[in-house]
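Residue numbering begins at 1 within each chain, and the chains themselves are lettered A, B and C in the order written.
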Amino acid sequence: MEPLTDAMVCLRGVGKSFTFHSRGLSVEALRGVDLEVRRGECVALDGPSGAGKSTLMRTLYGNYLAGAGTVRVRHGGELINIAGADPHIILEVRRTTLGYISQFLRVLPRVPTLDIVAEPLIAIGTSREAARERAAELLEKLNVAPALWSLPPATFSGGEQQRVNIARGFAVPCPILLLDEPTASLDAANADSVIALIEEARARGTAMIGIFHDAQVKARVATRQLTLTRSS
Amino acid sequence: MSRAVVLRASGLRKVFGGRVVACADIDFELAAGEVVGIVGESGSGKSTLLRCLAGLAAPDAGTVEIAIDGGERVDLWQLDEVARAQALRSALGLVHQNPRDGLKLGISAGGNVAEPLMVSGIRHYGRLREVALDWLERVEVPRRRIDDLPSTFSGGMQQRLQIARSLAPGPRILLLDEPTGGLDVSVQARLLDLLRSLVRELGVAALIVTHDLGVARLLADRLLVMLRGRVIEAGLADQVLDDPQAPYTQKLVASMLRI
Amino acid sequence: MIPNDDEVAGGYNFAYLDEQTKRMVRRAILKAVCIPGHQVPFGSREMPLPAGWGTGGLQVTASVIGPDDVLKVIDQGTDAATNAVSIRAFFRRVAGLATTERTREASLIQTRHRIPETPLTEEQILVLQVPQPEPLRQLVPRGAAARRLHAFADYGVMYVKLYEDIARFGRVTLAYDYPVLVNGRYLASPSPIPRFDNPKLDNSRALSLFGAGRERRLYAIPPYTRVASLDFGDHPFEVQRWSVGCALCGSRASYLDEIGSGGPGARMFVCSDTDYCEERREASAPARRAAGGGRP
């Protein structure tokens, strides 16, 4: 089956098992997943806990190795199969095409918040000034107090750290975004500002795949749903 | 998109005493600007591999190519000793685990940073002084310490000075052997931060040998896992750490998580 | 001055060394001339002089000197010092050689610590006595390591020494044995001459041979060879200068020694090169030399 010509993401028969050598155990997490996502679509992954929603997101990002099938994303003009791609290519795709917004921030002890958010932009060649300007704009939208921007986020509250991380995830306008529970543990006002950013991105044509536990959030941002079932 | 390869090892093999295989069948490439981690337990052959790459130990088989000025690659161990020293001097920086191995303790901090520049032909005191001060600042050693002997520095500061010395001549390749090995945890964090930003800023390709997977996760784009002298697993750093395939890598990752 | 017959000792080969030894030393010298500034090992012999008193220079002189040569020996600028007197007497005894105190008359000049002020010619050979031929010795104690650095032309350590001096004292503090780069390739010790004399080695018309007997090394600077004293572009090499001229001949262009002039607290500077000083005084008052005027 050929992918649609305008597909941004195209999964065909994706399977993933984890083998635990020390216990002589193999667990199948995904089997035969097919999915196509076009520009401006936001697909919510659904299914019970353990159905492989997170595994699928990570496999898409190249964080997990796909065991079967193809995981293709549109990078530049062409579809690139993340499964089995050279690490350099995956890194390149991640820098400009494929964004990942998760709940957890890996904090670098001494990097100021503003630079953490600006860093992905600088990595793709944006000038330091322009990158910081964009970072400030995002932090403002996400209600991170300007007094905090020059501080490393190590001492911030969980919610603040999460918003810094979301700002970082939105810094580069990637055409494909993976959203891993972006609003979890945020209060209503902050969740609203994150949703606004997601809607903004979708209006721009960004293709998105996300896990949203909050049904209201899901209803607001998702254009359709893919339900996964336990494969084992 | 293919990035220029600045270092390539092919079929590398080093045997000690005719029997002990320190490393074998090592094939890998280091691309411009990327950070590759080599992880494994002590005795896995990672330090020996680094020595072969750094021109300190001749491999018994295989080749080590490094990019020299102009981007051309030369086979390190086919060069005569003088040409090899010249190629290494301009292309490659080496950071030892123990800063005392990479610094000259009898000469000042400034002299340590400036020496490789003098070797490469800079004959202007004021310029040397300027570059030394600039590097001290970049590695967060106070400027006023420029004429102090490194033996009066703390371990962390000595290590930062060693990094300045190895980066000052502008190498394309930086090899680091357990750079945080002998340091306190709080000092380690600062050094890692510094290394990370320097490597990104300078676009230097770095190969970092470490047994600390936390260091590997923080700094490396890609990882090679070594066991008994061989590379048993390689891939994206986060993928190798989050979805390890080989039994040994799984054990290694599991042991890290327990700590 | 040609020695009297009774001054010349019988029973010695010409110039003391046997012919096989001379051949060995000459081969080493030829190699040294071919690789300017490079230290060549040679089989240093026992000489009737303690090592460190010029046995290297003595063997080089003995190997290149011929019966028609006229020898001058200098120690710290003067022909009258003990070392100079005894080496001159040695060659008069074992080679029956003519000797002189005049730089212009000599065909071979063996010297310690100075190079004559009078410019040398293509007809002359300068032999310098060297206690430590390895310029990196203080910085790189292991001989093999120093030889590697020479092979790699890696003289960063020496520049570091200069750098450290400038950082600490504002200038390079080496007053003598100031290292030179010979022919753009080998770092060499000019022997313990004052840095004042270094420029005389650059593009010298005379062949300079350096002998280190105890260290069993010799090296050479052929005529018309570039000899550069190490320095930085913004801290160029400089020779010593004096605010006064020589108290005897008035020269302002020669290396001066400080001597007491008898009066309490009084200081006086005179030429270190006695022949040069005398020649200048003669030129202005020819009668003084005849009257026996030397140094006071």
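Basically, contacts are C-beta pairs under 8 Å (C-beta built on N, C-alpha and C of every residue); 3 or more make two chains touch, one makes a residue touch a chain.
These numbers were taken from a predicted model, which means no experiment stands behind them.
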### Task
Examine which chains touch each other and state the graph shape they make (line, ring, star, complete, other).
line
### Summary
Comparing each chain's Cα average against the average over all protein Cα atoms, the nearest is chain B
### Query
Distance-wise, how many Å sit between the C-alpha centres of chain B and chain C, to the nearest whole number?
48
### Task
Would you mind pulling out the distance in Å between where the CA atoms of chain A average out and where those of chain C do?
78
### Query
For chain A and chain B, what's the span in angstrom between their mean Cα positions?
32
### Task
Would you pick out the residues of chain C that each touch at least 2 other chains?
none
### Interface residues, chain C side, partner chain B - complex
151-157, 159-160, 163-164, 166-168, 231-235
### Contact set on chain B toward chain C in their complex
81-82, 85-86, 104, 107-108, 110-111, 114-116, 118-119, 123-129, 146-147
## Note on the structure
Contacts from chain A onto chain B in the complex sit at residues 18-22, 58, 62-65, 87-92, 106, 108-111, 123
### Summary
In the complex, chain B touches chain A at residues 1-3, 31, 34, 189-190, 193, 196-197, 200, 218, 221-222, 235-236, 238-239, 242-243, 245-247, 250-251, 254
